[in-house]
Amino acid sequence: MSELKITVIGAGSSYTPELIDGFIKNDFAQPIQICLYDIEQGEEKTKIIENFAKRMVNKTKKNINITSDMIIESALENCSFVINQFRVGFLDARIKDEKIPLKYGLIGQETTGAGGFFNAVRTIPEAIRIAQTMEKICPDAWIINFTNPSGIIVEAINRYSNIKCVGLCNVPYNMRIDIAKVLRTDVENVYCEFVGLNHLSFISEVYYMGKPILQSLIDKRVFASQLVKNIPKIEAVSDLIRQLRLIPSPYLQYFYFENEMFGKIKREVESGKGTRGEQVKKVVDELFEIYKDINISEKPSQLDRRGGAYYSTVAIQLIKALCSNTPTLQVINYCNNGAFSELSNKSVVETNCVIDYSGVRSLTYGSLPSQIKGLILQMKDYEKLTIESAVKGSKDLATLALLNNPLIHGYKNAACLINDMLSEYKDFLPRFN
Amino acid sequence: MSELKITVIGAGSSYTPELIDGFIKNDFAQPIQICLYDIEQGEEKTKIIENFAKRMVNKTKKNINITSDMIIESALENCSFVINQFRVGFLDARIKDEKIPLKYGLIGQETTGAGGFFNAVRTIPEAIRIAQTMEKICPDAWIINFTNPSGIIVEAINRYSNIKCVGLCNVPYNMRIDIAKVLRTDVENVYCEFVGLNHLSFISEVYYMGKPILQSLIDKRVFASQLVKNIPKIEAVSDLIRQLRLIPSPYLQYFYFENEMFGKIKREVESGKGTRGEQVKKVVDELFEIYKDINISEKPSQLDRRGGAYYSTVAIQLIKALCSNTPTLQVINYCNNGAFSELSNKSVVETNCVIDYSGVRSLTYGSLPSQIKGLILQMKDYEKLTIESAVKGSKDLATLALLNNPLIHGYKNAACLINDMLSEYKDFLPRFN
Amino acid sequence: MSELKITVIGAGSSYTPELIDGFIKNDFAQPIQICLYDIEQGEEKTKIIENFAKRMVNKTKKNINITSDMIIESALENCSFVINQFRVGFLDARIKDEKIPLKYGLIGQETTGAGGFFNAVRTIPEAIRIAQTMEKICPDAWIINFTNPSGIIVEAINRYSNIKCVGLCNVPYNMRIDIAKVLRTDVENVYCEFVGLNHLSFISEVYYMGKPILQSLIDKRVFASQLVKNIPKIEAVSDLIRQLRLIPSPYLQYFYFENEMFGKIKREVESGKGTRGEQVKKVVDELFEIYKDINISEKPSQLDRRGGAYYSTVAIQLIKALCSNTPTLQVINYCNNGAFSELSNKSVVETNCVIDYSGVRSLTYGSLPSQIKGLILQMKDYEKLTIESAVKGSKDLATLALLNNPLIHGYKNAACLINDMLSEYKDFLPRFN
Amino acid sequence: MSELKITVIGAGSSYTPELIDGFIKNDFAQPIQICLYDIEQGEEKTKIIENFAKRMVNKTKKNINITSDMIIESALENCSFVINQFRVGFLDARIKDEKIPLKYGLIGQETTGAGGFFNAVRTIPEAIRIAQTMEKICPDAWIINFTNPSGIIVEAINRYSNIKCVGLCNVPYNMRIDIAKVLRTDVENVYCEFVGLNHLSFISEVYYMGKPILQSLIDKRVFASQLVKNIPKIEAVSDLIRQLRLIPSPYLQYFYFENEMFGKIKREVESGKGTRGEQVKKVVDELFEIYKDINISEKPSQLDRRGGAYYSTVAIQLIKALCSNTPTLQVINYCNNGAFSELSNKSVVETNCVIDYSGVRSLTYGSLPSQIKGLILQMKDYEKLTIESAVKGSKDLATLALLNNPLIHGYKNAACLINDMLSEYKDFLPRFN
């Protein structure tokens, strides 16, 4: 049976062993090749990962072939899936993404607010470039995108290439797991209906064994503690859920509890703990020390501190579904195509889809709930203007994008943030010259 | 484990043994009760069916309990599924539905054109009445509707009750089977994407083992012979398919080949063969002679001549799916809810859905193909006006409905047909007085 | 004050003196140049018209300069308005448009059904060519289009050029005049709200001195006789209006009373009276005899028999409005832009607009009435497919267009009509080779 | 000729003489009755106004009859226009509206942000009550609404009554005047295309003598100083306009320059100058001293300091247009009805309309500009949730409303503001108990 080749873009990431672990723990009908690719600056780390991954595989009898390739064209050749997990500018850029907004009293976070905007503008042209390369070399392959901000990146790829692309995020799966824990049941018994955009989605119904139970969960106020790791807990969230009649993604706290979240970030930075990126950087350094150790051939427990729980679970579920004749329901980032009535067919949304070897189809949802419609529509406009700005290198469009982001607060901040962006990330933004 | 009660409305139909046969041939986790209900005029036939069905079951070891109940309220009590297969006015009304339009040179058919309109106007109030009774007695039960014209009946039930209702038709499944035969493969390897309304739907893509192959089938001109039984074959249909780039349901021949279809019906009537209803009546009489024979306890082969191949297959697939935690894809008549961009969320359409124990969700499709959009939109308007006319007993709305049906051809025919309807079906149309 | 140049395309038409007469009878702030243009085959008639027009003007003291120019580029130079009134293939082609459909038992008419389709397919490329020439020579000029089928031609120009274009038709104004006559009042006191497409529009409300009165007119059954000249009268139309609660354009009789209209046309042809085109041809020949007579310098009364009453009235009202700072309400064919909710923004519709020197804006109407929505949407699809077919020279698209026209009746007629078209109008359809 | 009766609700306002002055300065075909109505607490001021108004009229020969009536039913009898200019809770409530938000670092303003929300929630039930009274007494009369927040009040009236209602605001007219000043021309030569909602609208094109000139105005940077009185000037506004390619209403500064506007308000309060409401209160007291003076019979110049320039101009233009057979273009708050593609037909928007004695019709605009679409859609959701909350007296809906207002900043502020609202305006909010 022919080999299934999976190419990992940004393979020098400390996450890669998590992915390898997932392939080891799952059974595939076909032999697997995992091809590791990174740019020159990531080559050294990729080599470390490659050797570690080979050790991981060798301990098992799995038919998994680890390769690496530093030339994008040959890395893509014959591949069926491309996993995007690169970060333009690596962790140093992320740390800037987090710190610049703090100067203006704004949330500094890698996917949300000004930081997410910086990240998006740097990443969009690169993501499109890879997809356009795929058009020539592996036009039928799927992109499975983890690169943040994932929803925006997927929409950019869809708008500027013909490559099939699915955005993945571990948040929806984590929310489902958390609800299963509350219900003391297996995750398979829980089905959550999602509505919204990546890092801006809500659960609008929970089915337990086929029965809708969200209202009863709300009535029992079980949500005081239900929130994914890494995101601070806010007391009033339980009241908010009762009033929304929806369970917001933890990232919604940046919108509904902006002051509190800003305070928390500020305190961590001032106390010397550093931004999340700075904290991650330390963990990553430790991880690479472990990966280098030729005596170690198992995914280290420290990797869990890195965040991104269930990252490989969702990736492998998706790849298996796309190879299978049995339809599976998953929550992914994909073309709206009518799922939510108020969004255009081409808008990328985070939504329930049915997946099998004939592809991905989003399920119909109907109208967006009125209590969140405005936020979702405005953020989608922000996303579209961000993509257009990044592609055209337009400062004016960048300003209009930021004016549509509720975490920016006004024209002056927008103007300052864009000036900072152009000076701080100059090398990554050639289109803006 | 608790019993699953299925109530059959219109149980005196000669089809019922087909349904019983389906329950016998499939395995269910729960014990089954099939409760047979019909109105007074159908009581005698229901008794014959009941006894025959009991003989069928007794030959097996299946845990199926056949009951009958002539009081609607107790028939509905504790039931989980209601199968609608009644016909208001029985076959005599069908024969009128077929004959009246012929007077005006129009297609006479039980689901399409003027005949389908007569059928709908008689049936809609009764279907709504049953659903509204269910609201009081079994509000969580599903209606599985076979009563024709199925799409209109489902939309009427949705608009005037809160009961969950799915419309079934054996045509999409038959088309899929026919394509599987062309491909010489099992039906499970074929997935067809449908677009349109009941008896007005098209296959817009065929997937074989996950790969889209419609264009290659068209290029090979394999469709010259691919058409469901009972519907006459037209030579030019293969050209039509090539130009539409869609495979029309056999019922679309009434629209695209109206003259030819009219000629065929006319010849059959003039030759003494009779309308389809008259032919069916003879088969039904023969069938009931068999059903009465206490020595017979197996579904007779003559039942296949009755039409409606795979009728029980699709019904039982659906019931099993609605009881299962594994999602299944089926083509049913259900709320659009965004599946087709140009139709309102509440419009009932024939479309691909994913089904499990948490319910039914239609898959997104996007925009209707421009070559069929106008026909579909106009027929949906016809359907809505028909429902409104039947509910209100409005002759004016009935006229407006018929003016929107492309098989009526003008105001004078509409006016004559409505006059005939009011005199010929007087007893069934109390709301029009 | 600078001269206002108006270029007439198809100036050899017998209608031109009607237009000249309109310019004479109205006052303009600026001096007027009317530049007559026609293709080579129309040159002789244009010369006759030019001389007659000069005599007409000379009898007055009006500042109107009649010129002619047989080179399109110089004819368009410096012009502010282009009046399209050309017919591809002249009256001979019209007569074919009327006769070919009769072979298949179908309506033969120059703007509707198969005849209108033939006319559209011939005309669309020519209309686009003129508009694209204007883009280079007079990009700010308006096209005022009378060339039939007017709505389709305007949409084709909008889709394939950036020239501002308004479609005019005398039917809405005639309907308003007829209603004013019924009310025994001046036309200025009557305002009619239109909904639909060109030759497929309805009056949905009539305001008399600011008060809505349609329902009271319907109650009084005043519409038995209210129909524009040249269109036969049908008895049942008064019932139809009562049930529609809308006044259909006379052209809607081809849809609602197809059999009766076909019978009338058939009888006229069989009786030797000829098609409308043949009748017109005789009138035109008489008219040109008069135009040649150097002793005559007034619009002859015979011109009224030609049809097209108020043709110059609506043209001059529009030109004056587009030069004025006072807003005027007129019914024209223009981009929908949201006027009717169910049609796309770019679809050309026949609707109420407000016009002044800053341009044309359609008034919002809201949802299409459900009793006519299906017909309008299907005909708009027919129109779009017709345009696409004509531009691409695609026989397949032509078939799909005809399948969407309710006056064609099936695939076989569509196939035959297209074969006839390709042989009968071969010289005018180079794109189909 | 019959008398035209205009009933003023909230006649005790210091603005009323401005309105009277407008009626005096304009000519009407009919004799005018202006009926002054206020609630009991406004009776004394109304009497002062009534006497002053009578003196104003007596100095002229105008056929204007000033009356007063403290019973709403008789005040409404036979009236053709109702002018809403009442304020629930008078200026004291306004001052609270301005001060409460300041506690939380939020903009305190009577129409925008939390203050506008308080005002809306108090006012909506009263506005609906008046409209529902009109349904019984003067069902054909128009409401001309000045009561703030005007757009929300008009939408509430539309949703909960059948009375025709137009919202007026002097801002669009002032913006047009300001542009005319920039162009050194008469206001009649300037036509502005508006897009958006009340106090949230933008000019998307300016026509001077029929020619679009916005881009050239932007290129000349003429907007640095162009802003209506009472709204502070921000330097960067000229950059903002260049990037938006739209001229925002002065009220948009609260959104684009929130920090700067908050600082300005804060400074005025801290310096002892007081909120705008406190400043107005002083002016009003002075004005009533003047109104009481029986020797004075002319509108005092101090009234201009009150704000609301051209208030009577727009009111009288509208009333005259609704009585006239000549269509006029005005910018008003009215049902969207398709004017802006992304808003529902029933949403009230600030838009260009054509008005005559047959009523009001909004002009089609097309899609909302992407740079402002998100803000407009979210604010419209805020408005709808506000109306629903006020009508139902729902604290939960009030929270959801505030979460959709970009000037509230998070759940905690929303919760605190609603608690304050319920205690501070207790007497005006009986539905919340």
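Each chain carries a letter (A, B, C and D) given by its place in the written order, and its residues are counted from 1.
Convention: contacts are C-beta pairs under 8 Å (C-beta built on N, C-alpha and C of every residue); 3 or more make two chains touch, one makes a residue touch a chain.
Since the structure is predicted, the reported quantities are computational estimates derived from the model, not experimental observations.
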| item | value |
| --- | --- |
| Minimal step count in the chain contact network, chain B to chain D | 2 |
| Chain centre separation (chain A, chain B; CA means) in Å | 45 |
| Centroid spacing, where centroids are CA-atom means, of chain A and chain C in whole angstrom | 57 |
| Chain C: positions in contact with at least two other chains | none |
| Chains touching one another, given as label pairs in label order | A-B, A-D, B-C, C-D |
| Chain B - residues contacting chain A, complex | 188-189, 191, 207, 209-212, 325-329, 336-341, 345, 352, 354, 356-359, 361-367 |
| Contacting residues of chain B [partner chain C, same complex] | 236, 239-240, 242-244, 255-260, 370-371, 373-375, 377-382, 384-385, 396, 399-400, 403-404, 406, 409-412, 415 |
